[in-house]
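These notes open a run of structures that come right after.
Two complexes follow with chain A in common, the first pairing it with chain B and the second with chain C.
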Partner chain A sequence: MKLYRNLTIKQKQIVWAWGFLAIPVLFYTVIRFYPTGNAILISFQDWNLLGERTWTGLENYQKLFADPTFWKVFKNTFVYLLIGTPVSLVISFFVAYHLDKTRFMHGFLRMLYFLPFMTSAVAMAWVWRWFYQPVPIGLFNNFLSTFGIPQINFLNSTTNALPSVLAPAIWAGLGFQIIIFMAGLRAIPQSYYEAARIDGVSPWTVLWEITIPLLKPTIVFIVVFSSIGFLRIFDHVFNMTTGNPGGPLNSTKPLVLMIYETAFSSFDMGYAAAQTVVLFLVLLVVSLMQLLILRDR
Partner chain B sequence: MKTVTFKALALGVATSAVTLLSTAANAVEIEYWQYFFDARVTAMEQLIENFRAANPDITVTMTHFPYADYRTKVAAAIPAGEGPDVVQLFYGWLNDYAEAELIQPLPADTFPAATIDEEFFPMVQAMKEGDQYWALPTAVRSLALFYNERLMEEAGVEPPTTIEEMFAAAKAMTKRDGAGNLTQVGITAGMTAQDHHWWREGLIRQQGGEPYLNDYTTVNYNTEAGLAALELYTSMFTGEDAVTAIGFMDEPQAAFKAGRAGMHIDGSFRIGSLNKTRGLKWGVTELPATADGTRSNYSSYWVNAITTKAEGEKYDAAVKFMQYITSDEAMQIWLDTVGELPAKPSVGLTDANSNDATYGPFIRGLAYANTTKFADESAQRQLMVEMVERITLEDMSPADSLAIAAEAEQKILDEYYAD
Partner chain C sequence: MAATEEIRLSSDALLKANKPKRPANMGQFLRWGLLFLGGIVMIMPIVYMISTSLKWPHEVYNLKLIPDEPHLENYTFVLEDGRFYWWFVNSIIIALITTLCNVIFDSLVGYTLCKFRFPGRYIVFIAILSTLMIPTEMLVIPWYLMSQQFGWLDTYWGIMFPGLMTAFGTFLMKQFFETVPDDFIEAARIDGLNELQIWWTVAMPLVKPALAALAIFVFLGNWTAFIWPLIVTNSVEMYTLPVGLSSFGDEADVAWELIMTGAAISTIPTLIVFLIFQRFIIRGVVMAGLKG
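This part shows the complex of A and B:
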């Protein structure tokens, strides 16, 4: 106690700060950093969860880079990212921009858009899975066949399967992004718009010169957030393709699903850990790049 | 007045519970683990009760997990020393558990290999090493052909006994709408279900082939017989006169349950859920034979093994329990409750069981069944799924696709047996 009394105010503040920080620091060390370090360690080992861990050096990584499935899956993961992020960004901005101007049933409409975000991804994925089936049970194909339009193979196709899985995933995340965009739009001071109106600027210029530049922090947040989400996409794919995980010829398999399968169906923990490390590095690089590019200069 | 009665009752319950606990404390307690499946749990509860009646000093506690978590939980718990004394494992996992010294072989004096060889169906011998058995099943499973009686009647066909008859019957039961889309299939298809077993151990052998050599360490289906089997299989869903489609109604068993499929190949474990399907009139017959009467089937099973955690009196108790759950009596109870087939001919091939309209075809199938030794069943199944997908989605020739699958599967086996 005497020790504490002798400290300066500044030092006391530090003690208190660390006192409060101790809980999250402990949490992060035990729940986050220790397993992360352990995963990196396992990625250099051979382990089937039952026997001894044996040291294998870089073998898991060599196997990974020589595995054509990995490259296919790697590509899929980036297709999810490169289609998913821009499409969801544009749609959610479009909806938020117009919803912001709508007064009629504003709250109800906002709720409708937000509802999918609160729905369980598993339930949603299964419902969409059944929507996509061929006749006689698929909703979309039944609709098509009523008008005599040929069937579309949504899920049982190497080209259509990925967009079909991505569509409900985008839709599910839309509600969140719309709410964030609307908050961003509300935060733009009205005086800019008033000034623009006095100067007689076209609505297009207002959007391009005022709204979008001032929304930049919001856009950065949504891009980073949704990119990480699409790079880690799992539950939609897993549930829409159970039985044949990852779709026909791995056409929809993302990296996370491959990790899950390697770890919990093949029980090749070392190999799965190596994939996890690669995913970690990808997430790190993508997030840093986005922060750099979209940062305020 | 009512409260008093209730109090007396509560007191009675409490007292008996205390008595029960105190007896249990003096006795040996062993733990048994299996995955959760309603009928299996009920059957095991009954077996534990019977066992306790015969051995009042041994208490068996059963713990069960959902199937999806079972493998991971067992794999995490046993090495940590937290697990059961007797555990139920899929036969395909046994190798890994034995190698990691997590289970111990059954004692040769109580379970002499010669007697087991004689008393059990031959596929159980996959569990034998030298003159000791690592584990034993209570029940086994095999495949058979389920058929929808109403659709058969409507199309005027009989349950098939040969492959040729099966195709004819399937054709008669296939229905299409005006645009040519299938609305009812003659038979279900999909390697994701049980068809990969039917193809490996059934069709290939029926074509005169041998799917694997050297105790399942060498892939041997990239042959004429393998190709013939694959072409036979893909002819069900390719070409103008296809009698089925992959992924029809999402899952094969769903299509059959919904009464939209005439026939469906599945395991004996499906019986229970078909029985619960209202409005479905179904029958079952043996897997179709070739024209010259060749038959072949696939069988799999879950085994019971003693873990290395069981020592001293717990070990003795575990051995006794193992003896009981592999007895004739236990097998009959398992058949009656779960619908899984007895692992011994002495129980399975009784007149009542082998002529049973439901279980008979499966039990008769055991006589000519083979058990694939998988290194990684889901990965090996996935190769079969992809083999068919390359043919249907990428127009690859069956011969090329078969070669790719054989090579990939050999790689999995080589990697597994390398260490």
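This part shows the complex of A and C:
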């Protein structure tokens, strides 16, 4: 105590700051940094949890890049991204753009669109799974059959399964994106619109020449945020295709599901760790692209 | 002078003349109608889930939205079975403790990084920032090995430990402590409060909206978390709601109305939270999205 009292105000501040940070720094070191290093380390080893950990160098990566399942899964992951991101971007922008211009019961409409964001992915995956079942169980096929339209095989078809799994993932994220878009739209100064009105510019030109360019930071944020989400898709896939995880012929299997199965069904930890490193690098590239695009503004 | 005045007046007139007419025209009406329809489509899965959870088995497969005789038997059945009751309690305990921990530590770290000047500040800042880049999926294998080694598998601590602090929450809070004037803190120091008291009694009350937003996000995130609880738990009593629901649905002979009941049990609490704190949550989403 005497020692503390003799410190200058500045020194006391340093003691307090590190006192406050002691537990968090320990936490981040042990629960974030050490495991990151460990994952990279394990990716160069062969280990099935029970036996010895042996160094294998790049063998796991060589095996991975020669594995046709990996390429199938890699492709699936990017299909989720390349369909999911543009579709959710266009829908959420469209809704936000019109919702922004609507005054009547604005809060109520906004609530309808936002509610799915508050649901749990697992619960909703099961609801959608029920919707997709064949007659007489599934809602969609029952609906189609009342109009005499032939049934659609949603989850057990190699072509339809992936979009069917993707739909609830897009649906659940829309509310968040709509709110972010509306905040972005509100941030555009009204004076731009007034200037355009004085010049007699058509609404379509206003949209393309004023609104969308000024929304660029918002758009980049949403694209990156939802891209990362789709690259990490797991909950929906796991719950909509259980019993046959990854869908017929792995047609819906994303990278994270492959990681999960390699690590916790086959217990091939080294191989799974190599897959997580690949996922990490993919996510890193996507995030860096955001920085690059935002910089050249 | 006169010339500029004239220009101003004429541009005012132009503005007035060009102002769109306000009456509820066809376009506005159509826009509202379409938005309303879209909104109804959006909540359909939730509505059908709740409606089915109130149905008897024989009417599950018809498209009727309102059950002929709504009843709560499915809920009593599912809860009396015991498992959903445990899972619900597990989820509540885990989400509450994690939320409390995040609110305290994320704001403490955010406050320290924002208001203190000390050697190593920048390094700590960059280090925590960099953890945002590391995906959870990369850490689950080392976390699992760690849990195995220390006997954390299948315990509350095992489920909770990875999420006790988040970089996202730390940065959200750091942003908001920027709005607390340094003078307030200086004044409290002169009044003889120690740093811990200043943080808790002066700074924290000033960022209450951000704390609430953080709490809601962390709670929602933990309530719906799936992959890590799935990995770390293996006895049925330790499952959280999402893991339990997933295994419950897998039992082949389970009826859809019971699955929907389970899904409703895990969804309704967050929906109620949303309906009560709607404005708050929407503001929180915007804050988190634009500042986080």
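Everything below uses one rule, namely that the second predicted complex is superposed on the first by the 263 of 297 C-alpha atoms of A that agree within 3 Å, B and C clash if a C-alpha of one lies under 4 Å from a C-alpha of the other, contacts with A are read in each partner's own complex, and residues count from 1 in each chain.
The rule we apply is simple: a contact is a pair of C-beta atoms (placed from the backbone, for glycine too) under 8 Å apart; a residue touches a chain by one contact, two chains touch by 3 or more.
Keep in mind it's a predicted model, so treat the numbers as computed, not measured.
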Q: Examine A:I170 and indicate which partner it touches, taking first as chain B and second as chain C; both and neither are also allowed.
A: neither
Q) Which holds for A:P136: it touches chain B only (first), chain C only (second), both, or neither? A) both
Q | Residue contacts on chain A - larger count, chain B or chain C | A | C
Q: Considering only the touch criterion stated at the top, classify A:L81 as touching first (chain B), second (chain C), both, or neither.
A: neither
Q.
Per the contact definition in the header, classify A:L64: touching chain B only (first), chain C only (second), both, or neither.
A. neither
Q) Can A:V286 be said to touch chain B (first), chain C (second), both, or neither? A) neither
Q. Between chain B (first) and chain C (second), which does A:M118 come into contact with in this model arrangement: first, second, both, or neither?
A. second
Q: Figure out whether A:F264 sits in contact with chain B (first) or chain C (second), or with both, or with neither.
A: both
Q) Can A:L162 be said to touch chain B (first), chain C (second), both, or neither? A) neither
Q. Do chain B and chain C touch any of the same residues on chain A, and if so, which?
A. 129-130, 136-137, 243, 264
Q | In the complex, chain C residues that touch chain A | A | 11, 14-15, 18, 28, 31-32, 34-36, 38-40, 42-43, 45-46, 48-49, 52, 61-63, 105, 108-109, 111-112, 116-121, 124, 127-128, 131, 133-135, 137-146, 161-162, 164-165, 195-196, 199, 220, 223-224, 226-227, 231, 241-243, 245-246, 249-250, 256, 259-260, 262-264, 266-267, 270-271, 273-275, 278, 281-282, 285-286, 289-290
Q. Which positions of chain A touch chain C when the two form their complex?
A. 13-14, 16-18, 20-21, 23-25, 27-28, 31-36, 38-39, 42, 95, 98-99, 101-102, 104-105, 107, 109-116, 118-124, 126-131, 136-137, 139, 142-143, 146, 168, 171, 174-176, 179-180, 183, 194, 197-198, 200, 221, 225, 232, 234-235, 238-239, 242-243, 256, 259-260, 263-264, 269, 272-273, 276-277, 279-280, 283-284, 287
Q) Hey, which residues of chain B end up touching chain A in the complex? A) 71-72, 75-76, 78-79, 96-97, 99-100, 102, 177, 179, 181-183, 190, 192-193, 245-251, 260, 376, 378-379, 382, 385-386, 389-390, 393-394, 419
Q | chain A residues within the chain B interface of the complex | A | 46, 48-52, 129-130, 133-137, 145, 148, 150-151, 155-158, 243-245, 248-250, 261, 264-267
